[in-house]
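What follows is a single structure, written as C-alpha cells, with notes after it.
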Amino acid sequence: MLKISHLSKKFAGLVVTDDLSLNIKVGEIYAVIGPNGAGKTTLVQQISGVIRPDHGRIYINDQDITDLPSHRRAHLGLARSYQVSSLLLDFTVMENVILAAAAHSPGGWRWFRPLLSEDAPRQAAAECLSRLGLAAMQDRPLRALGHGERRQVELAMALAGVPRILLLDEPAAGLSPTETQQLAVWLRQLRPHYAILLVEHDMDLVFGVADRIAVMVQGRIIADDSSSVIASNPDVRAAYLGEDQNIKAGAL
Amino acid sequence: MSKIFYRSKNAAFAQTKLGAILLLLILLAACLPLFTQWGDAPFVLRFASRVVILALAATALNLIMGFGGLVSFGQALFLGLGAYGVAIPSHLGFENGFLHLALVMLASGVVGAMTGMIALRTSGLGFIMISLAFAEMFYYLFVGMKNFGGDDGLSILAGSRFFAATLANQTFLYLMALAILLVALLACHLLKNARFGMVLRGAAMNKMRMASLGYDVRRYQILAYVIAAMVTGIAGMLYANLMLYAAPSYLAWPMSGNLIMMVVIGGLGTSIGPLLGAILLLLGEEILQRTTEHWMFWLGAMILALALSGKTGLIDVMTAWRAIWQKAPLRLGQPGK
Amino acid sequence: MTIALFLAQILNSLQLGLMLFLLAAGLTLVFGIMNFVNLAHGTIYMMAAYGAALVVAMSDHYLLGLLAGVGVGAMLGVGLQYLVARRLYGKNPLYHVLASFGLILMGNELVRWVVGPTPLYVNIPPGFAGQITLMGVELPTWRGVIIAAGLTVALGCYGLIHHTKFGMRLRAAASNRIMLAALGVNVARLELAIFALGGGLAGLAAGLTMPLVSVLPGMGEPMLISALIVIVIGGIGSVRGAFLAALVVGMIEVMGRAWLIIGLQNLLDKHVARAVSPALSSLLLSLVMAVILAVRPGGLFAAKPGGAGHG
C-alpha cells in the first residue's frame, strides 16, 4: 500500500533520513520507534508532502507520489495526525471534522450553501464522531477542549476523509494512561481496514498493537522485524536504553 | 425537550426581529436621495455614496483579509484600475458604461490573477510587502503615463452611460452602488459558512492542515484574491464616476491603509463589519476635519489606540451579534436531538 | 555613455545603496528578531532629519545637527519599542501595520503642525562643498563623505554582529528568544538596544543625506518603501542580505533612471522622457522585487527556511 524506497534527506549537511526503505500493507500496524532526533517526524513530513526528499521515491499503491503536493496525496488515500495537535481552533469539533470529510466528498464549489447542511460530509463526519464516541462534544469550539480531547479530534479528522493509509505521529503524546488504553483499543479496531504507520514513544502501546516495528537511529532503520523479534534484539535494546548510539549505529 | 423548543422559538423570533430591523435600515438607505432632495443637502448624498462605494471595496478586502487571513496592503491597486477603466476610455471618447464595466472586470481580473499568483507564493509579512509593491508598481505606471494625465490625474467629462442613464447622475450612482454593496454583503455572509468560505477561513488558521486534509489551498486563495480584485475594480469604477476624476493617488498606499482600517474597525472577518467600518471611519474623518486643522494627527492617534487595544468595542458588539446569527439556524437545523 | 559618466553613476548608486542600507539594517533586525512590522521606520527617519536640520539652523554646527539626528532617531526607536511595539509582539501583523500606519499619520501631521509645511534646506558643511577626484572621476566631496561613512558603518555592523557579545546575543535572539531568556539575558533590554540601534542608524542616514534632499513632511515614506523592498529582496532578518540588496536597489534606482532617460529620448520628447523615467525606474524596482520573490519567496538570503515570516 505505502512503499518507500531509498529515501534520503539532508538539512544543512546533517543527514536526517538515510537511504530509508519500508513497505506497509493494509491490515498492518507498522511502528517506527527511535530516540528523539532520529528523524521520525521528518519521515512523516516527507511522506505527507510537507518536506521534499533529496533522493528516493515514495509510492502509494505503486503510484509514484514523490513529486505530488500534500493535497493530491490526501486524495490518494493518505491521512495524517500531528505530533503537536494541529487543528482549526476557531471552529467547532463538528466543523473541523466536516472539513476533513468534505475534502473527499464531491460537490465541487458550493458557493452559498452552508457546509454544515451539506448531507454527504455531514453524515460522514457524524458517523466518524460517533464511532469514536465524540458525538457529545461536536458543537464545542476546539479552543474549549482539553489536550486529550484535542488528540481525539486529531484522530477523528484523520479518519473522516476515509483514507487507506494513516500516518499517526505520536498519537499518545500527553495522553493519560486511560486515554492511551482507549487509543490502543481503537488502533486494534482500525487495523483491518488501513495501512497504519505509527510513530510513537510509548513502548507499551507500540509493543501492544504493532505488527512490525522499525527502529530508527540517526535517519537509518537499524532493525525492522515483527514486534516479537524486535523486542528481543540486543542492539535495539541497547540503542533504546540510551547506550552509545553512535557506536551502535555505526556498527550496523 | 420543551426547553429546546422554547429556545429555538426564541432564536427564530430574534432572527425575525433582526431581519425586520435590517429591512427597515435598507429601506431608509434606499430613500436617502429623497431626503437629501427635500433637505437640499446634496453633499450628504455625495458623502453617503463615498461611504457605500468604499464599503464595497472594504467588503472585497474582507474576503481575503478577514476570511482568508491574507493582509493585502495593496488593495487600492484595483480601486485605481477600476477608476482608470472609466477615465481612459471616456478620455478617448467612449462613454458606454457596459464597455467600461467589461474593461474594468477584465483589467482587474487579469492583473488580480497575475499578481495573486506571485503574491500567494509568500505568506505573512512577505505577502503584505509584495502586495504593497505591486500597488506601488502600478502607481508609478500611472504617474508615468503622461498622455493620460500622469501625476495630475485625469478628469472625466461624462460618466459611464448605461442606456439612457449615466452614473454621473448622483441619485442613480448612489442607488447602483447601494444595490451592488447589498448583494456583495449578502454574498459574503453566505460564503462565510459555505464550503468556499470555510476552506478559506480554515486555511487562515492552519494552512498545512488544510493541505493535508486534501484541499488545494492556493487555488481557493487565488480565486478569492481575483474575486476581491474584481469587486474592488467595480468599486473603483463607481468611485471614478462619483469624483469624475481618476488619479494615481487612488492606487497609493494610504488608500490601501484606509481600506484595511475600515475592515478592522468594523470587525475583522464579520460579514457586515466593512460597512460599519466605512461609516465610522469616514464619519470620523469628516467630523475631525470640521473640528480641527490637524485632523490627520488625531486620526493617526485613534488608529494607534485601536491597534494597541487589540480589539475594539465594535468587534465585541459584533461577536455578540454573530452568536445570535450563527446559533439560531444551527439549533433549528437539528430538532431531533 | 562615457566611462567617466558610468563611474559617476556607480558611485551615485553606491551612495544611495549605503543610505538605504542604514535604514534597512534597523528594519530587518526588528522584523527578523521581534517579528514586528515597523512601517513607522520612515517616520523616525523624517523626525531625525527635522531634528538635525533644526539643530543645524539654530547652532550653525553641522556635526551637532548630525549627532542630534542620531540621538532623535535612537530615542524614537526606544520610545517606539517601549510604548508600542512591545505591546504588539506575537499579535496578528495586521495590528503592526495599523499601529505604524497611525504613527505615520501622526508624525507627518505633527511636523506640519509644529514646524510648518514648507521644506527645510540644509547646506553642505563648509569645506565639503567642493569636488574630489576619485579614479579620474569628479565626485562631489559630500557624496564621498556619505560613501565613506556608509561603508564604515556597514563594516561596524558586521563587526558588531559577528564579533561582539551583543552581536552573539542578537543572533541567538533571532533563533530562539525563550532560550535566551532562560540563559539569563535581559531580553527586554536587548530589544530596546535593537530598536535604539535601528533608530540611530536611520537618524544617521537622515543627518548625512539632509543637504541633498529637502526636509519636508512625508519624506520618510518613499525611503521606507525602498528600504522595505531592500529587506524583502535581501531576506527578512538578514543584515548581510540587506547590505547586498541595498546596493542592488541603489543600482537599479540610479542606473535605471539614467538609462531610461537615454533610452526614452530616442522614443519620446526629451522633457517627457525626463519626467517619465523616475516613475518607470521605480516601476522597474518593484518589478525586480516581484521577480525575485516569485522565484525565491524568502528573499535572496532567507534567514529562516520558508522565509517570509508567519505571523
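Per-chain residue numbering starts at 1, and chain names A, B and C are given in the order in which the chains are listed.
The rule is short, and it goes like this: contacts are C-beta pairs under 8 Å (C-beta built on N, C-alpha and C of every residue); 3 or more make two chains touch, one makes a residue touch a chain.
These figures come from a predicted structure and were not determined experimentally.
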* To do: Name the shape of the chain contact graph, picking from line, ring, star, complete and other.
  => line
* To do: Taking all protein C-alpha atoms shown, work out their mean, then name the chain whose own C-alpha mean is nearest to it.
  => B
* Select the chain at the greatest separation from chain C, using centres from the mean of Cα atoms. => A
* CA centre of chain A versus CA centre of chain B: separation in Å? -> 42
* Quick one: chain A and chain C, Cα centre-to-centre, how many Å? -> 47
* Structure fact -> Per the C-alpha means, the centres of chain B and chain C lie apart by a whole-Å value of 33
* **Touching two or more other chains - residues of chain A** => none
* **Where chain C touches two or more other chains, by residue** => none
* To do: Using the touch definition up top, name the residues of chain A that touch chain B in the complex.
  => 48-50, 69-71, 74-75, 79-80, 82, 86-91, 95, 99-100, 102-104, 107, 109-118, 139, 157, 161
* Structure fact -> So, in the complex, the side of chain B touching chain A is made of residues 187, 190-191, 193-196, 198-199, 201-202, 205-206, 208-217, 329-330, 333
* Structure fact -> In the complex, chain B touches chain C at residues 65, 71, 73, 115, 118, 121-130, 132-134, 136-137, 140-141, 143-144, 146, 150, 253, 257, 260-261, 264, 268, 294, 296-297, 299-308, 310
* Asked: Given the complex with chain B, which residues does chain C contribute to the contact?
  -> 31, 37, 84, 87-88, 91-99, 101-110, 112-113, 221, 225, 228-229, 232, 236, 272, 275-276, 279-280, 282-283, 286-287, 289-290, 293-294, 297-298, 307-311
